[in-house]
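See below for the structure under consideration.
Lettered A, B, C and D in written order, each chain numbered from 1.
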Amino acid sequence: MNCDTFAAGERLVSPAYVRQSCEARRSHEHLVLQLLEKGKCPEDGWDESTLELFLHELAVMDSNNFLGNCGVGEREGRVASALVARRHYRLIHGIGRSGDISAVQPKAAGSSLLNKITNSLLLDIIKLAGVPTVASCFVVPVATGMSLTLCFLTLRHQRPKAKYIIWPRIDQKSCFKSMITAGFEPVVIENVLEGDELRTDLKAVEAKVQELGPDSILCIHSTTSCFAPRVPDRLEELAVICANYGIPHVVNNAYGVQSSKCMHLIQQEMFSYLSNQLKKLSEANYERLLQTPHNPISLALTLKTLDVHHDKGVTQLGAMLFTRHVSGTTVVPLGLVQTVSGHTFRGFMSHTNAYPCAYLNAAATIGMKTQDVDLFIKRLDKCLKTIRKEQNKESVPGVDNYDKTENVDIEETALKLDNVLLDTCQDSSS
Amino acid sequence: MNCDTFAAGERLVSPAYVRQSCEARRSHEHLVLQLLEKGKCPEDGWDESTLELFLHELAVMDSNNFLGNCGVGEREGRVASALVARRHYRLIHGIGRSGDISAVQPKAAGSSLLNKITNSLLLDIIKLAGVPTVASCFVVPVATGMSLTLCFLTLRHQRPKAKYIIWPRIDQKSCFKSMITAGFEPVVIENVLEGDELRTDLKAVEAKVQELGPDSILCIHSTTSCFAPRVPDRLEELAVICANYGIPHVVNNAYGVQSSKCMHLIQQEMFSYLSNQLKKLSEANYERLLQTPHNPISLALTLKTLDVHHDKGVTQLGAMLFTRHVSGTTVVPLGLVQTVSGHTFRGFMSHTNAYPCAYLNAAATIGMKTQDVDLFIKRLDKCLKTIRKEQNKESVPGVDNYDKTENVDIEETALKLDNVLLDTCQDSSS
Amino acid sequence: MNCDTFAAGERLVSPAYVRQSCEARRSHEHLVLQLLEKGKCPEDGWDESTLELFLHELAVMDSNNFLGNCGVGEREGRVASALVARRHYRLIHGIGRSGDISAVQPKAAGSSLLNKITNSLLLDIIKLAGVPTVASCFVVPVATGMSLTLCFLTLRHQRPKAKYIIWPRIDQKSCFKSMITAGFEPVVIENVLEGDELRTDLKAVEAKVQELGPDSILCIHSTTSCFAPRVPDRLEELAVICANYGIPHVVNNAYGVQSSKCMHLIQQEMFSYLSNQLKKLSEANYERLLQTPHNPISLALTLKTLDVHHDKGVTQLGAMLFTRHVSGTTVVPLGLVQTVSGHTFRGFMSHTNAYPCAYLNAAATIGMKTQDVDLFIKRLDKCLKTIRKEQNKESVPGVDNYDKTENVDIEETALKLDNVLLDTCQDSSS
Amino acid sequence: MNCDTFAAGERLVSPAYVRQSCEARRSHEHLVLQLLEKGKCPEDGWDESTLELFLHELAVMDSNNFLGNCGVGEREGRVASALVARRHYRLIHGIGRSGDISAVQPKAAGSSLLNKITNSLLLDIIKLAGVPTVASCFVVPVATGMSLTLCFLTLRHQRPKAKYIIWPRIDQKSCFKSMITAGFEPVVIENVLEGDELRTDLKAVEAKVQELGPDSILCIHSTTSCFAPRVPDRLEELAVICANYGIPHVVNNAYGVQSSKCMHLIQQEMFSYLSNQLKKLSEANYERLLQTPHNPISLALTLKTLDVHHDKGVTQLGAMLFTRHVSGTTVVPLGLVQTVSGHTFRGFMSHTNAYPCAYLNAAATIGMKTQDVDLFIKRLDKCLKTIRKEQNKESVPGVDNYDKTENVDIEETALKLDNVLLDTCQDSSS
């Protein structure tokens, strides 16, 4: 609509009020105009009334919402279910064109405009997050592994003789599979233990480059974001090696945008809080918080006591946390062996063949609150005490007379489920 | 938004496509403009995309959706729950003003406009439905009884000496209570039986007017819509009496708009179908469809066989239909006595002291389909046969080898519920 | 659904996960169960996932959502528009029964249950708000005026000889009309000025009772909630008079629940803040905050300077606030005369024939924030200075070099609209 | 919820009604149970009340909707915008696990279950559509080109020596790019003209296989669905060649499922109707409907008259149809040259170097109605006459006195836009 349309309403509710409304309406339009002109994230988030108005306006720009449209193609934004139409705000038509996903679709100007704005906002966000030199980007529904595969396939055209990819080990299946899928042979470089931390073995990387010869290497494939005690790869030193030998450097920066300087500042306080609370808990339970200063997001807590007394303790802890609705932690036992696409990894999940002890991971993320940390610490503490008590067949202070403010239902239910879940404990996260 | 706003999008998706979209958008605006100018029902119903666009546009006209609004009153359209805001399309502010429900509310121009349009559309619908002389109307959430009370209160100012309301009996509690609530004494005129039909006793009405004296009578209160075998009151003859004695005539036309000539034509076919099917069923079950040609919507089927053989048969039928998911029928037994606001009605529900037999009502309404009738007939037939079988302790053809296409679950479930519900059977409708 | 149903999903996603989910689901069910059993407001508000699950569950309890339902009544919850069905969560069937709005509707068990719970929650809220003796209540869409009319109509049955209602004046049309609509003659008792406050004239009330005779009086009709400088009626003293003469006491407590002790505590801080800020502003503008300690919600600021210098100043202020998106204030000029249902009120809006000066009202309400007050004070201050400047044709400090952080658009737009709105200024609130 | 929960409501609305509702509720549950057990499309589509109930139930199975959940991972289904949560029915958590997209995600049992059911339903649909031997499938957001690339990458592991892909030409960019992206060299086999149809050149295919040697060939890449006058590739003969030489056969069956036998039967009537109407129109306009019996969906109409008289006629027709809201047609001019990933295609869009004439495509698709065809024919006829008139500068019967029932606005608007759009005409579809 526009103010002319609503002028027809003046007869019914007085010109003054309609005019006042039209002026007020312009503040919504002004936000839209700024978005379209600048293509940047607004300082203040839009409220839902502006958002929905904008989405409805975009929808009527698409041909499937033209009144009296006549569609004789194979792709006309027809939808059988009103429920589906509605939850997409009637933005139903596909965008892009055959062979060019970023092309404007003439039959869907609204959806295409939304797509362009989305890409523009993402570019703005990446810059804000600390990568000011990025020139262009676009959003597609492709996960980490496929993105990497596409990068490798693109490099193939430049380096037709290359067969290998040099890869400092990180125990994430999709990263490994991405190289196999693209048709290359991953060359795994084991990490080295420095204090508690697992870090990139730069000498091993350079030695391997010399052994295989630069031309046979497609790229070095490094990783920025990982669970403690592994820390981000030594990007700058790897970049020097790449430059010296003329090899491309592909950096898997998944989750990395959110761990950049910018984000880090926002979260610093929370990260300290989680770190301090975990430290206290570890000491009270005869364990230790691993010292991993190079990992800005993730923390790890040793599980030595469980490990020593009882074989199944670590697994049991994972199951117990899961049934007590603690999600997102990972327990890493010792000595798992896993074969992925034909390659056998010893000590799988720990990024190294033999880490000194079993441990548990937790991470501080955007949106986490102090209460979340407190709840986590409380439940974890109780689980640790319960397991130790069972192992020792003797009383552990603080278990029986536990704080009753915790929801009793969760605990009771959890006890019932514990046995069922023993088998699935390693799976309590991903 | 308007086309100027979206011109800012031309840079992103080409001027030609944006312009095409803006033109297409005008067809939505054109519908809105016509609605605002004419205030009449559109020939073709709007599709949801136009409807929702319009509602969102109206919402941003209300002050609670002004960006940067500053509200310091006691009524500012504040809502705690996003769920509530959303389901009202953010049209949250009240309308009307103290003491004048139809006044425009300056802080809610959008809601006020919607209110005015609603009233305008209703006026159009009433005219289309066959009342072309109606001059004005408005929608308020007030049911039949309260509407009548308000009419009587309004008449009081014109007729300060009046104490009585003359009322041809109809067994609907709210009609009776409306007179009591307004502070008047209802004078009940019993209906007369003509064939199967219960009709207005005009002589009794006139006699009562003469007996009480016109000045002591507030109005004659008649009814157009009722269940067979009662038929609509003789409006024209009553109007003559009113005119002769100078007494107002208040016609309770609830449901009447939908039974006017206009509606009648639309439904005639369905009504015949229901009538014919009920006739067949009644004959097959040794019952009779009551002849009530003056009632254009509702039909009644005698329940003599149930009545004769077994006292509880009628009640049981009501319960059985209810548990078999047949809703909207009413079974009317003989001899109910009910006291409403101090007045005792004999033969309550049947509109007369002693109707010759028990019966069952069904009605043909807008939106009913042939399949609905078929399903109803099938289930009713089965219920009747089942009851007779139980009563006679002998086989009734067609019960045991019943058509198995009917959902078996409903039948089984219903059998379980039957006993529970015997007490509530009269309530199976309203 | 229930856990048995989802057991069928164990084949697809593992028994452990389905069981975990079912346990988690019980916490939602537990909330529902508590609500149904206790019928009280939960300590913590439900989140939307629980709310919507509950509403969907209720909806499938109504017959219009039974799969295979067969409806042959005139009221079957049929809806033409999917949009309407959706926004009502498919709770479309009516509730209550003819003549008894609070009866359970057998065809709509879900909607009836929701209705019962709603009434139960409201009862809990009223008790929490400070009326612990209330025994029962129900929610109906009836505004203040109609509620009062219904109260008067109910009293009529007890006091058939009564003609008059004693009414300490409050300038709200609906209150006055409610007495007229019910067929009674309002006897207006003018308020007395005590300091800045307008208070109930108890002597005049009692004198009038004696003059007319108790039997001819239906009730005394008092009011708890009003705009300063009028304050709530002297309820306790009026109650004594009523008891002495055997006259009912009808208290219009609209908005009163929210101004009870309980609410008052919550808001006290905010009320002080608004009061202090208005005080500062009034002094800076050569005006005065009226001293109205008996009015716990509303405040009034004199407008003497506008009044003296220029006749239209007060009206202009109302218009200016409206166009600057300040809603909820009321400007009260001197000497308005208004006739309502045949009775002429001098000094209308001010609750008295001749209040000493014009003034502006503002109120502190639930949901108001400190920022709202600041924004209000800023805009009001600017309006006052602008008008004085125009009137004096001389510079007023602080207008020209005003704080530029205020949205410039609003000001510019407002200037354009000011003239258009001069006529509608008294209407800037209600 | 379950019936036990609602038993708590019996106190409020009577046990009989709650029990009736619970029984009715089971019919919804029964549908869910059947879906979970059989994993097949239900005979009758579910109504929205069942659908939404099911989705809400699934949502509360995911850990992000557990009340009291404690998430300390990097992926916890946190969402900043309520609008986003809502439109996803709060199914916000990711599914799959690192490196295995089809794995069950323990933290999202509901979403995982929905995913499994989706895949199961798709499998059922593919079987119904005429491919009974398909064993497994899953839904991922990957378009045609990427799907083909992944197929080629998978085959690479089996045929490490292969460099080439044999590809009967089809002018669709994404098909061609898919081979380049996977790192292979496409060998284009030109089609042969048989009557009006363009068909696979089987001899050229076999000759090329022999020339390059089977081991150097990754696969033959054929296509089932295309625009007339190209027809689907000769799949059976190609399959014989593949078998003889031991070469894999990759069939691009995009849109093919809907053109299978099953679908064909459904649509046959509509296809005949479109075909007949286009035939009449072509004769009335001195053009010809191309005879393409092997293409079961798409039709082509010669544009010789436009081509002969005026160079720009064909392009103009595309633009005119676009501005008149006819979407989905493609106009194919002669002699376009286009370079895709380094390969130059002559006669691009026509699947051959030099088709005898320009033409226009239209397709019959699921959901198309007779009225759609009529509207298309009407608008196309008018466009053709208008262009011829302009070209001939002489009157063409039927243009000036055209049927006025057509929406005049569309025509007027379209005239304004025509010039703007001349440049974009080839883009009027995709």
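What we mean here is this: a residue touches a chain if its C-beta (ideal position, glycine included) is under 8 Å from a C-beta of that chain, and two chains touch if they have at least 3 such contacts.
Nothing here was measured: the structure is a model prediction, and the numbers come from that model.
Using the average of C-alpha coordinates as each chain's centre, A ends up farthest from subunit B. The angle of the rotation superposing subunit B on subunit C, based on CA atoms and rounded to the nearest 5, is 180 degrees. Inter-chain spacing, taken between the CA centroids of subunit B and subunit C, is 31 Å. As a whole-number value, the distance joining the C-alpha centres of subunit A and subunit C reads 47 Å.
Remark: subunit C and subunit D have CA centroids separated by 56 Å (rounded to whole angstrom).
Residues of subunit A in contact with at least two other chains: 14, 20, 24, 27, 48, 52, 63, 66, 68-69, 82, 86, 106, 322, 325, 407, 410, 424.
Across the complex, subunit C meets subunit A through its residues 14-17, 19-20, 23-24, 26-27, 30, 82, 86, 322-323, 325, 409, 413, 417, 420-421, 423-424. Across the complex, subunit D is touched by residues 1-3, 5-6, 8-9, 11-14, 17-18, 20-22, 24-25, 27-29, 31-33, 36-37, 39, 47-50, 52-54, 56-57, 59-63, 65-69, 82, 85-86, 90, 104, 106, 109-110, 112-113, 116-117, 120 of subunit C. Considering their complex, residues 48, 51-52, 63, 66, 68-76, 78, 80, 82-83, 87-89, 97-101, 105-107, 141, 143, 145, 149-150, 153, 156-157, 172-177, 181-183, 255, 274, 297, 322, 324-330, 340, 362-363, 365-368, 372-373, 375-376, 379, 407, 410, 424, 427-430 of subunit D touch subunit A.
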